[in-house]
Amino acid sequence: MALAAHLSAAVALADQFPVLAGVDLDVAEGEVVVVQGSNGAGKTSLLRLCCGLLPLTSGEAEVLGVDLGRDRVGVRRKVALLGHASFLYDDLTAAENVAFALRCARLARSGTAGALEAFELTGRVQRTPVGRLSAGQRRRVALASLVARAAPLWLLDEPHAGLDAHARDLLDSAVRNAAAAGTTVILASHDAERSLALADRVVTMAGGCVVASGSSAAPRALDANGTDGRMAGERTLAEVPHVA
Amino acid sequence: MWRDAWTVAAKDLRIELRSRVGVNQVVPFAVLVLLLFAFALGPDRKALASAAAGLFWLAVLFSAVLAVQRSFAIESADGARDGLRLSGLDPAGIFLGKAAAVVVQLAALEVVVGAGVVVLYGAHMSGVGLVLGASALGTVGIAAAGMAYGAIASGLRVSETLLPLLLLPVVVPVLLAGTKTWDAALTGHLANGMPWLRLLALFAIVYSALGLLAFGPLLEAS
Amino acid sequence: MTEESRTRSGSGAVTALGVAAAMAVAFTVWLGLWVTPPDAFQHNLVRLLYIHPPIAWVTYLALGVTALASALYLWPRTRSAFWDRLAGASAEIGVVFGALTLITGSIWGRPTWGVWWTWDARLTSTALLELLYIGYLALRQVPGSMPGRGKRSAIAALIAFADVPVDHFSVLWWRTLHQAPSVLNADLNPTIHGSMAWTLMLGFIAFTLVYGWLLAMRYRIAAAKDATEDVALAAAVAERRLEGGTAGIVGAKA
């Protein structure tokens, strides 16, 4: 089975600080992986590395067949990132923002309405500059742009933050639909309950490294030496239970 | 590349139309600069008319610094710069699109400033073709150099103060050549303007080429 | 370690270079101030001839080296931190010598032209060049992580360098195209003969040696600073891994 992402001893720096200090992680195609960890554990940096924003300093990182050590631009067309920032233009309307994302991805702008409606952004909200929308609505517009791009790998950074219960349900069903269609999803979160329900596998990060990996039911803790007989993150697909 | 350029230019211009930062802030600033020159040089219309060409280009240069900063401010709000890098757009296309949007805005601004120079300083335009040619070529050169240096400075914590220091020495040839061409047009010695017009064209070509090559690596180098 | 031995053998050569530079400068001072005769027209002022042109030459040499090193840094096959440090070191020396060029030129101009400053083409374009590279140094001072900062600086250096001829010729035209050279552009070049020519040539050699020595010293400081950062980085990675309690798994990678 092909891997969507393969990281081995990956080190990445931001302003001379090693935000990632040797990450080992394999993600199979179509898998939904939830990355857990406290603040500053390196979750966001892991996602930024995977989408080619953060340069790889040492180690190996291959995402969707692109070696990030050599070419971190080539991968960007294939991934969709939902970051802390929404990447939206305040002066453009919700519809214009989504249409711009579609144009960038070389897709027809006819997908705009569908993507917005999937997050129940209709009518007046579509025509309002996003600068005037509430934080939760902006978040939904950002999600709509992301879904519209139809990328084979989604990188979601705290996607549930700032959303109300209903919007979280919309997000969860969007993730499930995408996973069912074969999209790989890496989701960073400390909202354990919500995310675990989505996850095929849970990975725990601390200090810029992956320290534990296991099925969503019971993330397996590593022993005191941090070894469990195989490399952290290594796991065959057969062991990964699929969420219906 | 051209398609991406069009996408980006359309996006930038739409944002400008919507936010009206150019109309509400940059154009009044340029007119203010014209007034300040008059205060600095005295109300002598003859002195002002003879300096009109240079003052026009200075006002345009100062406004161009603002326009370039604004063009990158759009991208730095709410992580849009990362969004641009992730968008998969061709960096050369982004450069062309953003430069084109700045050219359009500066062209509109130059109409106002040019009218201001004629009305306030009593400059007499005799060679309209030369004036338009010099303005078009000079504007392209300024926008191209501005985008290159804007990309260098953007994303740095000190970009507001660094950009003028980097950009203004580089665009001195545009100031000199633009002023000389305008002088030639205003005084009616059109032939004197031709070599300067060629210099403006050279500058525009060199900096467009440099920007096309350098913009991608610069977008990554932050 | 090879790194250490290389530094040590390098330091011997640098010391020799420094001694040679000091001797050449001392010799130039002696020839320039005591041996050579005063000029018929410029009297003792002519002694500036032995330092002003060599200083200006070093300015252009230094900025040329910066451009070359930046190009080599950008060229993927020759990319190494060596060229980045060399470009930065050379630009700093270039800016210092550029300032000295303007100052010595100004000192020479005051009695000759009667003014400290004149909008002479060469003077003006040198001043512009100076500002261009002060901007480049300001950009280099902005902190950032290495591959990005190096690329950004190198590109800025090349764009600035591309501007040097355009600036130079436009300023030249600006001053000459429409007006005949004025009284201010009095001939600064006295007839040179005998001991004066030798002293001038020695001046060129002396200041080039000084440039070489300064470059080596400045480079060494930059390299030491980078090495300190590398050590700090290795420690930071180890510390970061300890936060997660995984120091034992893969072994520290530096």
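Each chain carries a letter (A, B and C) given by its place in the written order, and its residues are counted from 1.
Here, a residue touches a chain if its C-beta (ideal position, glycine included) is under 8 Å from a C-beta of that chain, and two chains touch if they have at least 3 such contacts.
This one's a predicted model, so the numbers in the text were calculated from it and none came from an experiment.
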Chain of greatest Cα-centre distance to subunit A: C
Centre-most chain [mean C-alpha coordinates]: B
Inter-centroid spacing, subunit C versus subunit A (mean Cα positions, whole Å): 48
Rounded Å distance, subunit A centre to subunit B centre (Cα mean): 40
Mean-CA-position distance for subunit C and subunit B (Å): 31
For subunit A, residues contacting two or more additional chains: none
Residues of subunit C whose C-beta touches two or more other chains: 144, 147-148
Residues of subunit B whose C-beta touches two or more other chains: 220
Of subunit B, residues touching subunit A in the complex: 4, 7, 11, 14-15, 18-19, 74, 77-80, 82-83, 85-89, 216, 220
Touching residues on subunit C, where the partner in the complex is subunit B: 74, 128, 131-132, 134-136, 138-139, 142, 144, 147-149, 151-152, 155-156, 158-160, 162-163, 166-167, 169-171, 173-174, 177-178
Subunit B partner contacts - residues on subunit A that touch it in the complex: 51-53, 72-73, 76-77, 79, 81, 83-92, 96, 100-101, 103-106, 129
Subunit C contact footprint on subunit B (complex, rising order): 145, 148-149, 152-153, 156-158, 162, 165-166, 169-170, 172-173, 176-177, 180, 192, 195-196, 199, 202-203, 206, 210, 214, 217-218, 220-222
Contact footprint of subunit C on subunit A as seen in their complex: 9, 11, 13-18, 21-22, 24, 41, 55, 58-59, 205-209, 211, 225-227, 232
